[in-house]
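Here come two complexes built around chain A, the first alongside chain B, the second alongside chain C.
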Partner chain A sequence: MDAGLDMRTTGTKSDDSILSILRLIVQGIVSIAKSHWVTLVNFWRPTVCERYPHKDKSLDYKPGPGYKGDFALITDKEKGRLRCIACQSCERACPNHCIRVVPAGKGKDRYPAEFYIDVGLCMNCEICVEVCPVDALTMTPDYECSVHDPRDLIRNIKQLTERGMEFDEVSRVR
Partner chain B sequence: METRSDLRTEELLINMGPQHPSTHGVLRLVLTIDGERVVQAVPHIGYLHSSMEKIAEAKTYRQYMPFADRYDYLNAMGNELAYVRAVEKLCGIEVTPRCEYIRVIMAEMNRIASHLVYFGTLGLDTGSWSPFLYCFREREAIIQLFEDTSGQRLLYHYFRIGGLRNDLPSHFCDKLAEFLDYFPARINEYNDLLTNNIIFQRRMQGIGYLSPELCRRYSVTGPNIRGAGIPYDIRRVVGYSVYPELEFDIPTRPEGDAYARHLVRVEEMRQSVRILKQCLEKLPEGEINVKVPRRLKPVVGEVYERVESPRGELACYLISDGSEKPWRLHWRAPSFYNLQVLPELLKGAYVADTVAILGSIDIVLPDVDR
Partner chain C sequence: MDSSLIFTIGNALRTWLEGLCRAHGVPTLVVDILAWGTGAVLVVVLGLLVALFVIWLERKVAGYIQTRLGPTRVGPVGIFQTAMDALKILQKEDIIPRGADYWLHLAGPVLYFTALVLGFAVIPWDVKATLAATVDLNVGLIYVIGVTSVGVLGVVMSGWGSNNKWSLLGAMRAAAQIISYDVPLLLALICVVMVAGTLSLTRIVELQGSAGILGWYVFKPYLWLPFIIFVICGTAEVNRTPFDIPEAESELVAGFHTEYSGMKFALFFLTEFDHMWFVGLLGATLFLGGWYSPLGAADPIPGFVWLMIKSFIFVLVLQWFRWTLPRLRVDQLMGLAWKFLIPAGFVALAIVCVAVLFI
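Now for the complex of A and B:
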């Protein structure tokens, strides 16, 4: 076992001669002084806690690409329409049934008339993104989703398209 | 003064929990106490039951993957490892060497993170606040790496059947190596702070004695059985994944008390650091994913796959009827078995030691209830 773990105090429990009591007192003082020394060392280390959301630094934090945050639908900028072909694969694959796609149009022009994702029900597993055959859905590094009314957590097609404007591809770890 | 012959003392029944801050979740302990001593302790479980096993029967093998994270939330990567290994064994899928190494790296990092939470909360239970803060600071380094890799901080859903979600991010190996360099020195610091502290030692030594015989009777596993002197570790006993290629010791202590279990966990963090260093050295290049059919339909059959979680032997028992969904899934959750021995440990202990003994067997309540 490691030398750092000393077992000096074992066995002194029932022994109560003056000498051993004195030894115990000295050992106690030493071990407690050591503990305080550790606290003192850590006192000078940089602070890692942040008073979220009252400090600007933590608000600036952006997770890396590939973070499983809020959803976005990617727009095909050349064609000027959403990539999504309303195939409803994501709806079927979602383990929590929190996606609802309302398709419109026929054949090649099939598009989603409505696209709801209940972020409150979602468990951020990314299965929906993976099953999409045309890479139309992505998760973004936006993590601030708290609202007062749970109904505000249901994303509709307008919000999803807006957020997807910054994305050309599905957000992935690099 | 006249003495009355009908004066007597009585045993007292007290409820500890379910909303007690030191029961690590929602555990209700009904204690019968005689003065300061516990006569009998009965754990009432089930407050966090979430039907994890029943849910599996309604989901496909892929869809169940994220649920596997969610019952032992401190060891999400380890749970995923047990589940994917079971499914892959059932379907006869062989994953690439790089994938195996990355999986082991993730599982060991999670072991360190889980033991850090244990260390911190045990400090809280015994009245020491600082170790908790320092442990969470170190844990943050690991969690940050998990976040960069899997996109989540607690429930990762990083493993996939036949591979992983993505390869490691470019800065991962450097960041991890940096962490492994400073972390052993930090463990020494924690030992100075808590483990070698005389108050803590005298509080923990000699309480909650767990004999090897008791371990066998109750199927206790993990650091608890190793704290009783039996070197039983699934990483050695079964030697799954790439563990046979790695060098590491299995720390044991002969004493069997709460302090011995504590020492075993501290030493396990060092061993995990050793494993991680070797993994970083040996990490092969190459593909991480193998081709798996879109509709996964295993043959009819059953598998039982064991891994070592930070709490003990974690196993996934899977029965397939040839359809896309498991016919039955069962988790052999280590916390559940370890909790059963608690009444024996608490018999005759001081009420004040109850929390320390409970902390020293390190249970996670969703893992108990599933």
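Now for the complex of A and C:
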């Protein structure tokens, strides 16, 4: 059989007899009808789209723990102070150099006076969280980080502490 | 509102204008030209508006078939999306490629559009037949086939004039495809003409409607095969998937309109979707009883609305085809036309011959 009649969908061995050509035609019609049935069924199925910010803001769009969103500093609620001991491990470990910690105090009272993270520069590698010896730094499921001014992307210690108030442990998948 | 009111107003206006002409010694031909011009502009504007709507519908249907939403942002359910797209495309630069044939490049889309719009002239919109735009030609069907086939010349002109190999390949494919599929389409239409015994579209509709809903040609078993051939060839004439090899995105970038931008591209785009609606109108006229209501003569809904509903059934079916079937290969396309549809057309012709003789 030549190329023009080669419209079969299956790998059936074909010859030039009129019966096999008719069989091919019937097969083609049946398969076309089947595919149209599939699209018709899908047409009436409910859509899977979430119209995220527009439809229903009350819906919880938050991803689960372990999502690498915005940063937070965890507060030790018993001692009433940040867990962070300003050891600057995160600052040294950051491949992008987007963390800056200004330590204050001596010995056991050492604490961060300033803690800047440029989340615009961050590449979400989470090495800072891994190296932290006291599990003070975490990434949270908060992902709505868009701002109009890139300078607003630099987090300071106040923002980081506020966001960390709802976390007792580092947010990660167990 | 009953459509007869419009005709009453129109006729009154016409009588008044003719009286005015006679009083001032102006030939009444002026009134005729005015009436034809008004009607023609009305039909073109209607066609463009419907094209915008059909594009929106296409995107919605595509969305729902793929279980997404389609356009939602501009206006309720995104209905103004295509109007905004048209505004955007109007502002774009009109690029003419280096080495292009300026006049052919310009004339291509214009001819493509004009050929289609000419076809609207003979569509019977409503029961009182001659809305100013609609001409009841006694060779209406031949006229439709004749003028819409000129459109392929526009495609070839734009493909040749663009100085681009993809455009040229697309144009040659389009020419081959449309000429091939004209043959089985004509065979299917001849079947209808044989049953009706006339070439006038208005008369064909009247013959169908006189016997109630069962008189529609789609309900006559011996016209089922021509109907199927008509739908397949109609899809091919419009260059839509699965027959869209003239513009096959994955092979030819955009086929014959690769080198077009701005308003010229918009013209191609609108014509393509308008053509789909035109095939729907033609199908509704020839097979679905045109303006006649399925509820019988007592139906208060104007015939124009029924014609629109029927033509949009065709449009939806063509869109369903598009989002279901993959594109045919070039040789498969030609094989389908010459080895399946033309023999099937002759078989249909034979069946209709027997039916007309003995039923």
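Methods note: the second predicted complex is superposed on the first by the 135 of 174 C-alpha atoms of A that agree within 3 Å, B and C clash if a C-alpha of one lies under 4 Å from a C-alpha of the other, contacts with A are read in each partner's own complex, and residues count from 1 in each chain.
The working rule: a residue touches a chain if its C-beta (ideal position, glycine included) is under 8 Å from a C-beta of that chain, and two chains touch if they have at least 3 such contacts.
Since the structure is predicted, the reported quantities are computational estimates derived from the model, not experimental observations.
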- Just chain B (first), just chain C (second), both, or neither: which does A:40 touch? second
- Of the two partner chains, chain B (first) and chain C (second), which one does A:31 touch, if any: first, second, both, or neither? first
- Task: Tell me which partner A:172 touches in the superposition: chain B (first), chain C (second), both or neither.
- Result: first
- Message: Per the contact definition in the header, classify A:48: touching chain B only (first), chain C only (second), both, or neither.
- Response: both
- Between chain B (first) and chain C (second), which does A:77 come into contact with in this model arrangement: first, second, both, or neither? neither
- Query: Hey, is it chain B or chain C that touches more of chain A?
  - Reply: B
- Of the two partner chains, chain B (first) and chain C (second), which one does A:148 touch, if any: first, second, both, or neither? neither
- Figure out whether A:124 sits in contact with chain B (first) or chain C (second), or with both, or with neither. first
- Task: Show which residues of chain A both chain B and chain C reach, each in its own complex.
- Result: 4-6, 32, 35, 38-39, 42, 48
- Within the complex, chain B is touched by chain A residues 1-2, 4-6, 9-10, 13, 24, 27-28, 31-32, 34-35, 37-39, 41-42, 48, 63-64, 66-68, 93, 95, 123-127, 139, 172-174
- Can you list the residues on chain B that touch chain A in the complex? 59, 62-67, 70, 130, 134, 137, 140, 147-152, 155, 157, 165-167, 169-170, 187-199, 201-202, 205-206, 251, 253, 263, 266-267, 270
- chain A to chain C touching residues, read off their complex: 3-7, 25, 32, 35-36, 38-40, 42-49, 51
- Message: Under the stated contact criterion, what part of chain C meets chain A in this complex?
- Response: 61, 63-69, 72, 320-321, 323-325, 331-332, 334-336, 338-340
